[in-house]
Amino acid sequence: MTRNGPFALLFNALFVLFMAAPLVVVIGVSLTPEGFLEFPPSGISLRWFRAILDNPDFIEAGWTSLYLGVAAASLSTALAVPAALAIGRRRFPGRDLLLATFMSPLTVPTIVLGIAFLRFLSQIGLSGTFLGLTLCHAVIITPFILRLVLASVTGLDRTVEKAAESLGASDFTVFRRITLPMIMPGVVGGWVLAFITSFDELTVTVFIVNPSTTTLPVRLFNHITQTTDPLVASISTVVILFTVGLMFVIERLYGLDRLLVGGEAR
Amino acid sequence: QKVLTVGGYGGSFETLMKEHIIPPFEKAHNVTVQFVPGNSTENLARLQAQKDNQEMDVVILDDGPMYQAVALGFCAPLTKVPSLPDIYDIAKMGTDKAIGIGFVATGFAYNAEMFKEKGWAPPSSWMDLADPKFDQLESIPPISNTYGLHTLVMMARLNGGSETDIDPGFKTMVDKVAPNVLVFEPSSGKMSELFQNKEIALSIWGSGRVKALADTGFPVKFAYPKEGAVALMVAACPVTHSDVPDEAQAFVDYLLQPEVQEKLAATNGFGPTNKKTVLPEALQSLPYGPDKISKLVAVDWNVINPKREEWTQRWAREVER
Amino acid sequence: MAFLELKGLTKRFGEIAAVENFDLSVERGEFVSLLGPSGCGKTTTLQMIAGFETPSAGSITLEGRDLLAIKARSRGIGIVFQSYALFPHMTVAQNVEFGLEMRKIAAPERRQRVAEALALVHLEALADRYPRAMSGGQRQRVALARALVIRPEILLLDEPLSNLDAKLREEMQLELRGIQQRMGVTTILVTHDQTEAMALSDRVAVMHRGRLVQVARPLEAYEHPRSDFVSSFLGKTNRLEGKVVERAGERAGDLCRVAVGETVFAAPAPPPEIGKDARPRVIVSVRPEKVEFRAAGAGLVDGTVAARIFLGDHWLYQIETPLGVLLVTRQNVGPAEVETGGSVGLAWDAAQVRLLPFEETA
Amino acid sequence: MAPAAAVDREARRRAWWLCAPALALFLALMVVPLVMTFVLSFHSFGFYTGIEPTFGLHNYLDVLGDSYFHEIFARTFGIALVTTLLCAAIGTPEAYILYRMRSRWRSALLLVVIGPLLISVVVRTLGWAILMGNRGVINTALMNLELIDRPIKMMYTPGGIVIALVHVMVPFMVIAVWAALHRQDPATEQAAESLGAGPLTIFFRVVLPQAMPGVLSGSLIVFSLSASAFATPAILGGRRVKVVSTTVYDEFLNTLNWPLGAAIAILLLVAVLLVMVSYNRVVERRFSQVFG
Amino acid sequence: MAFLELKGLTKRFGEIAAVENFDLSVERGEFVSLLGPSGCGKTTTLQMIAGFETPSAGSITLEGRDLLAIKARSRGIGIVFQSYALFPHMTVAQNVEFGLEMRKIAAPERRQRVAEALALVHLEALADRYPRAMSGGQRQRVALARALVIRPEILLLDEPLSNLDAKLREEMQLELRGIQQRMGVTTILVTHDQTEAMALSDRVAVMHRGRLVQVARPLEAYEHPRSDFVSSFLGKTNRLEGKVVERAGERAGDLCRVAVGETVFAAPAPPPEIGKDARPRVIVSVRPEKVEFRAAGAGLVDGTVAARIFLGDHWLYQIETPLGVLLVTRQNVGPAEVETGGSVGLAWDAAQVRLLPFEETA
């Protein structure tokens, strides 16, 4: 493969600087020994990381986000995999409509969704409940999973399944023993991406949480609307590291480049 | 076990509630208290969203939004609040459905260090907001926020108008004040961030907020304008259709107890509304005692509230341009 | 009654008839190739036999039983796909074992039969490899073992060799034929490579645009194609447009005379398909290997050698003649018979000429 | 024998069954709430009366007839347009650079590219606020270098919003273009080079036209997400730089005039959908001839 | 001095030497094929000539000029890629015109040259089509026109025909050779199809594991392979492991005797590569078309006919003999010479036997 020229590398360096700057600044701020926001930090201190431990609310919200992410991503995966199998490999009336429906959370403005969810959930008495949150998040993250699973389904060699069928396997056996293992990287990649999306969701969630189900981003948002201190930065840093760690998992399991290219397949 | 859900401010108020105010109540009444943090408007919106199925049993709001909550029928009458007779009349809000639990003064917050560097005198008059030397160094909360509304009303009053004749207020805001304003910042967190980043030197803010920021070691100070600081009340009400109405009433009453009022004063800088509260020397600077309370300027919510939507529209169209 | 019988088999996709009115009887143990250009419906036919496509009309019976009433997974047919379709997440042994598991065969027997199947395709040593770590030829053999281990009544092969390079393909052809004969399994092979079809099968079934145009033993199909299409599709030929100028008697073996341009030569009596016209237009086909060199003037037609192309085991000559460029092949034994630029006469045995119904283009 | 038609029907029914669970969730939590919002937009609101279930177009008329809202919609779409153009200008070359990069570096860079997508908006905007303030890192640096003597105002301006939006949206563009690049035959670049084309000519005449469908579909995503973005303009725009979504938020949370907020939201949704659909039309017409 | 000269050309990718110490001289107007199995370094060699890979060592000169000092875009080399690499967003005419634009040739001349190039490949009528709307063979011709229109000094072809089906491939081969001869452009073709290489080229260069193992005219390479590998790669052969048992004089044409198992027969004197051992082990290669049938007992070795496979223009016989299974091919003229199961004698002319240096496996 041809190498990039010096101009391209300069462009790339500026691009990286642009992309990384806000995150680097946040990490920098989190290291301040002072009681207020300061960049560059006048010294290096882990004081604000220790402070996280003194704020059980944040830790609790972190756990909520974690559980919520796992529950929503799992629910959404369970629903998206069969849908992807149908949409990815069959032509049937209504297919495009279904696909558009499942992709719609990407096009409907999030604020509209948040309000719609809030009104609907309080009507049916699920407002602020973990179940309500899980359902809403499952809706929001479905497009992410569906895209990845669809990509692996469409890339799948159907004859492999026919081969299994010709050897006597029932439909369910084909799914369990052949199809699912083969699309597994897409499913896992989609799950992780969906998990991260749920874990970081704010705009919708802020409308539908209650104190016992407050998620970390909402907690952070509430915190910075009331006070801004380096604690936000240190918690953000932890979130950044956690997310980066998860992305390494994707890279290992699925390949970030496949995640991107695959993600484009409709 | 019964669960009582209380809506109120986030930040230091939330911390205080959760750590020091709620636990004794839980023990005494054998309930679990959940706290829903949010600013006044958010919690008011929450009340409206859940009109048919209220999640909150008690809500704590600024006085302005509280008037609206009462008007919209979200608040239940205070039927079992034995401390009512001990409360200043001004805190009774002319209704039996909500009660003030603390006084806050709306006045100046300023960065004392920056003022010293530049050799400026501390702000002393509401009209200082129009001083060109503060170009892009000011922040005022928008009209949706009580502090912003107070600013508008004060500008009207000092320029020949009043709540009933708001035009001079808007004119002054648009022509003289708005150009100095870097941002109309509603969020207290952002406001402290603006101070900390030295983006602003001066703002209109609550005495309680200033105290909270000053407590972090930041050189911010509160100043009472010579024309008077505006009284802002923090108010509480029991929410209608509560499934634990007795506990809700008891909680409002609890907030009015002198020992709780003292804690609110010590941590959040709320001036007590219960006459029986005694504050230690260090807290005497708060809006405290009949003398100081009577010196605070009050605004007329009964005039303001019906006009508020119209003013909000004008503010958005004229001031925030 | 034949072992496998396809009758009036038709498959339409919307407007398109992918397969139309297809009749074929296959005997037990026979090896039949479906041969034809891309898109002619070979795969579709195979898929209907396998049960992955439902015919729009027609029937398929196996020993008289209606196969269409049986689900694909119960037909007991072994299939090898062009892409091999190995299970990528299973080892070679697991791939082969899968069909036995589905049949609920006990583990010890499974192990033994897997070992036998792998031995059959010479892959004992690679039982624990994953497919991705194998070459094309090896994968192809795994696919074969996997299809054979269930002892299918019928083995279907859809272009199993077309992904292999020329040398390996030839090797695998020999191996495939050997295994098929040892197992005696009835086999249907789909291919578009005529040499492959002829090399492997007892009979070839030539398809064209969804229809079966000729079924015959390879030699028969090559030597006695029923149409211009079959003639051109099965190997190189010299295809000339001509006219019957003298009809002889109608008994087989009777000779007639045909004219191609000015040149007139003898040919076998026209087959019935050509019709009763007095001087019908016909396609005259003479295979390049049947054309002989003579001295200039001593043959049926004279020409100059335009090119002489060495192709390893044979030479290909392009001879410019009044009939057009004629191809002549000669086995590579001894030195070339004629030089480029030289004049030669060309001749052929009248019995080697084929007259076919006239079609505009093959 | 099963007639083919019956089998097709069976297959169709199976497809629907497979989609049924997901569809149920979407009907309940996506369609119903949106319909409720739609209905809400026809109601009316009074300060003391709250929401009244009347039915009329007054909210829409209010919005459509008020220059204040026109300005907000214009600003919103202006910001979205500029963001889209910048994303295309930055994301396309970056995708190409990534595409040509050796794989070890590429993985690390992909992490940088999609990082912002995955990190909470609160965190990101906090970072931008620190960078872009009048006393922020950028202005301080520029002033220390004596390149400027007054800070450049970036916070609370549309420009600042655009910068932060580009930061979040550029990954979508890179992804879309990158996918398009992967669909093209790398030998076309070599072919162009062998015919005498230099690197820039190759990029503009051979790579870019082939990647254009990717650029266009990326633009679509970026535009629609930018037009409906909330958190970034809310935090970085302040009160003065209002966009449609922050206005909706205000109506819902400050004024409590939900019917009006719902009407604005529905108008935003419709406007975004309109732009997307007509854009798709144009793109399809333009490219169907060339790319199948 | 040759027109194009590759000297000591080497390309390493990390540890792997994709091409090693490759020497080749190509004359002006010559057509040379690089032939070899997959992965042997053919494409890499071509890419170095084109300028898309930088050699790790060695030189490339064109008429004495150092080609490596020149950027790919200035080398003036025409290339046709296996995937054709047409610009999908340009019409056929625009594709062809591109190289002329890069050369800043004025519009009227451009138009004329595009028209000429399209005429050359018989695509005048399709000038305004987009590539997507064309068949494989047509695309291939556009690619050729695009490469030729710039009047390249060298034309490089990387498996240009391997995506086409058998019939079309043969047609395109003839066309390609015709165009090359008319234009007289020096051409290097990469292929792994030995028949294609032999059919098209003046010389074939056989590669094996990154090294050039033999360069020769097709007939020479086929008839006088320098190694077991070349012998087996260029067409079918009967490969036997044997031993020289009697060396004759060292002059060419001198006969020696070799033993394969118990069977001893005459062969040409061993070539120098085989070394000076008294009784060296050798690979004995006899092409199937060179083997003749005799009556049983009357040949060099007797055998039984194990299979007789009809392949259209020829028959392939597999004969079981004490030497192993020997292959015999016979042009398809007249009836088959021997029947399956029958006994035959096999014989060959001593001059047709090739002795090659011993290698474990080809």
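For clarity, chains are labelled A, B, C, D and E in written order, and residue numbers in each chain start from 1.
The criterion applied here is as follows: contacts are C-beta pairs under 8 Å (C-beta built on N, C-alpha and C of every residue); 3 or more make two chains touch, one makes a residue touch a chain.
These figures come from a predicted structure and were not determined experimentally.
Q: Which chains lie in contact with each of subunit B and subunit E?
A: Chains in contact with subunit B as well as subunit E: D.
Q: Work out the mean Cα position per chain and let me know which chain is farthest from subunit C.
A: It is B.
Q: Find the chain most remote from subunit E, comparing centres computed as mean CA coordinates.
A: Farthest by centroid: B.
Q: Looking at A-B and A-C, which one has the bigger number of contacting C-beta pairs?
A: Per the contact counts, A-B leads.
Q: Between subunit A and subunit C, what's the gap in Å when you average each chain's C-alpha atoms?
A: Spacing between the chain centres: roughly 54 Å.
Q: With chain centres defined as C-alpha means, what is the inter-centre distance between subunit A and subunit D in Å?
A: Taking the mean C-alpha position of each chain, the two centres sit 17 Å apart.
Q: Using mean CA coordinates as chain centres, what's the gap between subunit B and subunit D in Å?
A: Centre separation, subunit B to subunit D: 37 Å.
Q: How far is the middle of subunit C from the middle of subunit E, if each middle is the mean of its Cα atoms, in Å?
A: 27
Q: At which residue positions does subunit E touch at least two other chains?
A: In subunit E, residues 52 touch at least two other chains, as defined above.
Q: For subunit D, give me the residues that contact two or more of the other chains.
A: In subunit D, 130, 252, 258 touch at least two other chains.
Q: Considering subunit B alone, which of its residues make contact with at least two other chains?
A: As it turns out, subunit B has residues touching two or more other chains at 190, 193, 197.
Q: Applying the document's contact rule, which stretches of subunit D touch subunit B when the two form their complex?
A: Interface residues on the subunit D side: 47-48, 50-51, 68, 129-130, 133-136, 153, 155-156, 235, 238-240, 242, 250, 252-258.
Q: Under the touch definition given earlier, write down the residues of subunit E that touch subunit D in their complex.
A: Residues 50-52, 72-79, 81-83, 85-89, 98-99, 102-103, 130, 132, 146-147, 150.
Q: Can you name the residues of subunit B that touch subunit D in the complex?
A: Subunit B residues touching subunit D: 41-42, 44-45, 48, 51, 68, 71-73, 136, 142, 144, 182-186, 190, 193, 197-199, 305-306, 308-309, 312-313, 316-317, 320-321.
Q: Give the list of subunit A residues in touch with subunit B in this complex.
A: 35-38, 57, 118-119, 122-123, 125, 127-128, 210-212, 222-229
Q: Which bits of subunit E are touching subunit C when the two form their complex?
A: Counting only subunit E, the residues touching subunit C are 37-38, 165-167, 170, 192-195, 198-199, 218-219, 222, 233-236, 287-290, 309-314, 316, 329-333.
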